[in-house]
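What follows is a group of structures, each given as C-alpha cells.
Consider the two complexes below, in which chain A is the common component and chain B and chain C are the respective partners.
Right after this comes the complex of A and B.
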C-alpha cells in the first residue's frame, strides 16, 4: 500500500524553516546575478570612457542619448570605436562563458572549454588560411571572409568532437582527448602556414591570432547578440536536465533523459556560439574556462543560475580585460587575448591545484 | 499473449512484480547473460543479486535499468511488458542507483533531490510558485523519511560516504519508482550505515510496495536483510528463492569455491561462516 504523493501531513516547523532557508538561498543567488549585472554596467561605462582621447562622462552620455548634441568626431569615436569595442567584449565574454559552462557539464570535465578543446585553434587555422591564401568565398562579402572561414573551421572541429562522441559511444574521456589532439593539430597547421606566409600576410595573421576587439563592428555585434540570445534560451530550457546530468550520467539516463541528444544538442550550440565569437575577435583564451568555475563557487550548480551566471561573469571578465588592454601600456592597445591569457594562467593553475587537492 | 514456453512463465506472468524472460546480453560475441529467466521478483520485497565478480550481476541490473541493451528477451512488470530502454513512461517507474556517485558536485542535498524530481517532469524555468513549493516540500519529506532532513542544506561534496549514499537513495525515491535498482549501495559504508541503509530500503520497499533489487557482496547482509536472493554464475541463475534456500554450503562451494557453514544464531538469524578456500581437488572437479 503506497501512500499517495499529496497525502502528507502539514509541514512541521522544522520543515518550513528548511524551505524558507532554501528560498533565501534562491533570493541570494538572484541578488548575486543582479550584483554582477551592476558591475557589468559600471565596467561598460568605464570601458566607454577609456581610450587615447579623454572623454568626460557627461559628453559620453550626451553622445549616447542625444546624438545630435555633439560634434562629428566625438560621435565617431563613441559610436564607431568605443561602443562596438566595449559591447563586443560583453557579448564575446558571455558567449565564451556560457559555452565553457555547458561544455564542462556535458563532458563532465572541469578543464573543458572552447579554447582547451580546439574550437578556438580551429578558428585560428581557418582565419590563417583565409589571410594567407587571400580566399574568396562566393556570396560572402570581402570584409567577412576571414571570419567566415574561421567560423567554418571552428564548426568543423566541433563536428569532429561530436562525431568522436558518437563513435566512442559517448565516452567523455574520448571526447576530451580528441579535443586536445585537435588543439595540437591546428596549432601545428597554423605554424606551418606562418612558416610559408609572406611577411605582409604574416603580420595580419599574427595580429588575428592574438585576439583583439578592435575589429568589432555593429553587424557582427548584431549576429552574435542574436546567436547568444537564441542559444541561451535553448540552454535554459534544458537547465534541469543539465543539472541532473551532474548527478551522474547513468542516473540521468535512468531518469529518462536522452543523454546523447542532450550532449549533441549542447555541443552544437556551444560550437556555433564559440565559433562565432572566435571568428569575430580571434582567439581569446581562459574566459570560457574560468568564468564557469567562479560561477560554480558563487552560485552552485543549479543550471538555472549557473548558466546565466557563467555568461554574466564571462562578460564582466572580458569587459575588465578590455579596460586593462587600453590602460596597461598608455597609448597602446594591447590585444585583449594577451591580457586574458596573462590574467587567466594564474587562475587556471589555481583551479588545477584545487581540483588536485580534492582528489587526493 | 503466448501461453506456452515454460511452465514458470505461464504461472507467474500475471503475479504482481517484475519477471525476466529469456534475457540475453552480449558484448561482441561474448554472452554476458545467457537466456536468463526468473520467476517473479515480487512487489514489497527486497531481492539480493549475489555472485562472483564477472557473473553478470551488474550487467543484469543495468539491463533491468535499460542502460545496457539486451539482444533478446523480455521484461514484464505486473504482467505488462516493460520496454528495454529507459525512454518515455518507463523512466517514471524504474530508477537505477549506480555504485559510484559523482564527487565534487556543488549542489545542496535538497537541490539534488529536487533536480531528480524535476528533471523529466517538464518544469520549465518559469514554473508557477505553487508547483515549486510542492516540489521542494516533496523533496524535503523524502529526506526526512530517510532521517537526513538535517542535511538538506549541506553541499553534496561535503557529505560522508554513507550520507552521500542516503542522499542518492533519496534522489531515487523522490521519483516514486515502482522498481528500484541499486548497484552495491553498501560498498563504501561503515557498519552503522550498512544497517541503516538496508533497514530503510526494506521499510520503503514495503511501504511503497515496490520491487527492489540490490547487488550485494556481503552474503550475510543478503541473509539478514533481504526477502529473496538470486545467485548468478557465468551469466546464468544458479538459485533464486528465499536467501536461506539459495545460499547454502553447496552453492557457495560451487559458485565461490569456498568451504562455508551456515550457523543459526541464538537470536534466530543465520550467519555464514567461511572456513577457507575449497581444497584443490574440489576446485578441479568444478
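Right after this comes the complex of A and C.
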C-alpha cells in the first residue's frame, strides 16, 4: 500500500523548511521532557534528604547500600519512611497527571480530572464506609480494607461515567456534567456518614480526605508502579489516535479511528489508575487538573509528548508538595493534599503568565 | 507556664471556697456554700459568670427542664445530680451515643428511658434544630464552649435568652486543667447543687494536689519525654496524629510529662511522622482510643471493654512496622488510655494514670483504680465498667 520512500518526489524548498522546523520542535520537546526529568531527580533527592531526624546524606547513602552498617531506627527511617513516601509521591503524581491528561482529551473538556469528575469523591465515600461503618469487602486483609473500599467506589464512579458516555447521543459535556453531579452526590453521602461517626472515626475520615503520603508502604508502591507502567504503555500506543481526537471527533473518525472504543478504553484505564492512586493516599486534587494544562503549554498537543509530560509534571508537583509538607512546619506533617494546591498554584500561574494567558 | 497553670488551678480549688473573686468566676454575690445560707438569701436570683466570660442571671428556683448542648455533658452533670441524673434533662444532642456509645450504654443499662430524651440534633452544630430546642421550653441551657454542639455564636443562644431561658457555657475540653473546677462550680450554682459541686471540687483538688506535690519537685530536664498517639490506628496504619499544647497534651503536662509534640505543633492537633518520633526517642508511649469493637487496628478501651481486648489491641498497635524501634515500647513503657478523658470532668483519673506511668517509683502507692472507684461510688449513679487504661509489658 505505502509508496516506497525512494519513489517520493524531492521535497520542495518550503517543505524542507517545515520538516526542519518540525525536527527542531521535536528536539525542543524532548529537551523539555529531559529537563523535567532532571528536576524530578533533584526533587526526589531533596525529598529523600528531608526529614525531622536530620540524618546526614552519608548515613542515608550507607543505609541504602549497606543496610547492616546502621542501627535499626535509621534503617526504619530510610527504608520504611523516607523512601516509600518519596517514591509514592512520584507514582501518585504521575498517575493523577496522566489520568487527568487523558480525561481532558477524551472528554474534550479542560476541566476534566479524577477530582472534578467524582472519582476522588467516590473513593472518599468508599473509605468512609470502611472507617466509620466498618463495612469491608469479605476476604480483604486488614491493612487493605480502606484502600479496597476506596478503589471499588472509585471504579464504580468511573463505570457510571463510562455508562453515560456509552449512552447514545450523550455529548462529552453531558459526561462532564454527570461527573460533577457525582462529586456533589458523593460529598453529600460522606457528610451524611460524618453525621453518625464516632469521634475517632470522624477524625480518621477527615484526615483520610486531606490526603497523606504517610500511608505509603512498599506493597502499595508495587501495585501502583505496575498499574502505571501498564497504563502508560497502553496510552502511548494510543498517542497518535488521541492526538487526532484533539482535531475534533469528526476528523478523527475520518482517519478511521473508532472513537467510542478509544474513549471507553481510555476511561477504563484512567479509572483504574486514578482509583488506585486515590485509594492509597486519600484525596489529592489539583494535580490531575493542572499538570495536563502545564504539559500542554510546554509541550503542545502531540500526545507522544503531552502524555508523558503530564505524568512527569504530576510527579514533580507531588514530589515538591511532599517536601513542602515536611518543611512548612518543622517536625510536623502538613497533609499533602493541602500543600499540593499551595505548591501547584504558583507553578501554574508562572506558566500562565509566561504564555500570556494562552493556557489550554 | 505549666507551673503557673497548675498553681492557678490549685488557687481556684483552695480559695474559691473562701469566696475570693476570681476572673473566670467573678460572682457578684460571693457566698458561703449553699447549705449554710439563710433562706432569705437563697430565694434571691443570683448572677454568675460562665466559662465564656458571659454574665448570666440565674433564677432562684431550681431548674426542672434542662437542655444540654452536648449529651457528653451528662457525665459532668451526673456528678452533681445524685442517683437520678436524667430526671431534669428535657433534651440534648445525640453526640454521646454517637461518639461515646459505651458510656451511653452504661447509662442505658441503669436508666432504660435514656433513649426517650428528645434530641435537638446529632453530633454536629449544623444538625441542631433551633425550633426543637425552643419547643422543649427549657428553663436552663448548658452548652460547651467548643465541641460538636451549639457554640457561642449560634443564634440559638440569643433565641433561648429571648424566651427567658438562662444559657451558660462550660468547658472541659479547651483547657481541661484550668477549666474543669470552674465549670463544676458553675454547674453547682446553676443547678443549685453547690454542696455536691464543692464535694467534687475537694475530691478533685486533693488528688491533683497529690500528683503535683510530687512532680513540682522534679526539674524540667528530668521529666520523661512522652509521645501521645492520638486515636492510634483509627485510620489504618498511617502515623501519627497527636496533640500539642491543649487537649491530651495538657493532661500529659499536668502529670509531669514532656510532650514531644508540644514544641512542634502550631495548633492543638496535628500530624507528626514516625521519623520525628523515632528521632525524639520518647521515654513513654501513650496511645488513646475510644473503640469497643474488635477487628480494626484502633485501641479498644473505655466503658464496657474487657481488659483482654484492651491489652490485645494495644499489643497490635505497638507492633506496627517501625514502632518496635522505640525504646519506650521495648522497655514496657507503652500504655493505652481512653480518649474520652480529653473532654471529661473525670480527667483527674487520667492525670493520675499518666503520672503513675511517668513516675512509677514516686507513685508506687498511688492506686488509680481506687481513685476511679471512689469517684463512681461517691458521686455517680452508675458503676465503672470496663478498662479505661491498659499497659503493654516489656517484650
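The working rule: the second predicted complex is superposed on the first by the 324 of 360 C-alpha atoms of A that agree within 3 Å, B and C clash if a C-alpha of one lies under 4 Å from a C-alpha of the other, contacts with A are read in each partner's own complex, and residues count from 1 in each chain.
Keep this in mind: a residue touches a chain if its C-beta (ideal position, glycine included) is under 8 Å from a C-beta of that chain, and two chains touch if they have at least 3 such contacts.
Because the structure is a prediction, the values reported are computed rather than measured.
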item	value
Contacts of A:134 with chain B and chain C, given as first, second, both or neither	second
Partner chain in contact with A:72 - chain B first, chain C second, else both or neither	second
Partner chain(s) touched by A:244 [first = chain B, second = chain C, both, neither]	first
Partner chain in contact with A:300 - chain B first, chain C second, else both or neither	first
Which superposed partner A:196 touches (first chain B, second chain C, both, neither)	second
Which superposed partner A:112 touches (first chain B, second chain C, both, neither)	neither
Partner chain(s) touched by A:224 [first = chain B, second = chain C, both, neither]	neither
On chain A, the residue positions that both chain B and chain C contact, one per complex	none
Partner chain C, residues of chain A touching it in the complex	51-54, 72-73, 76-77, 80-82, 131, 134, 142-143, 145-146, 194-205, 207-208, 212, 214-215, 217, 326, 329-335
Footprint of chain A on chain B - complex, ascending	62, 65-67, 86-88, 90-92, 94-98, 100-108, 110-112, 115-116, 118-120, 123-125, 133, 136-138, 140-141, 144, 149, 152-153, 155, 157, 168, 171, 175-176, 181, 207-210
Complex contacts: residues of chain A adjacent to chain B	1-3, 5, 8, 11, 14-15, 18-19, 21-22, 25, 108, 236-237, 239-241, 243-244, 246-248, 250-258, 296-297, 300-302, 304, 355, 358
Contacting residues of chain C [partner chain A, same complex]	98-101, 122-124, 127, 230-231, 234-239, 241, 261, 263-266, 270-276, 278-279, 289-291, 293, 295-298, 321-322, 325, 339-340
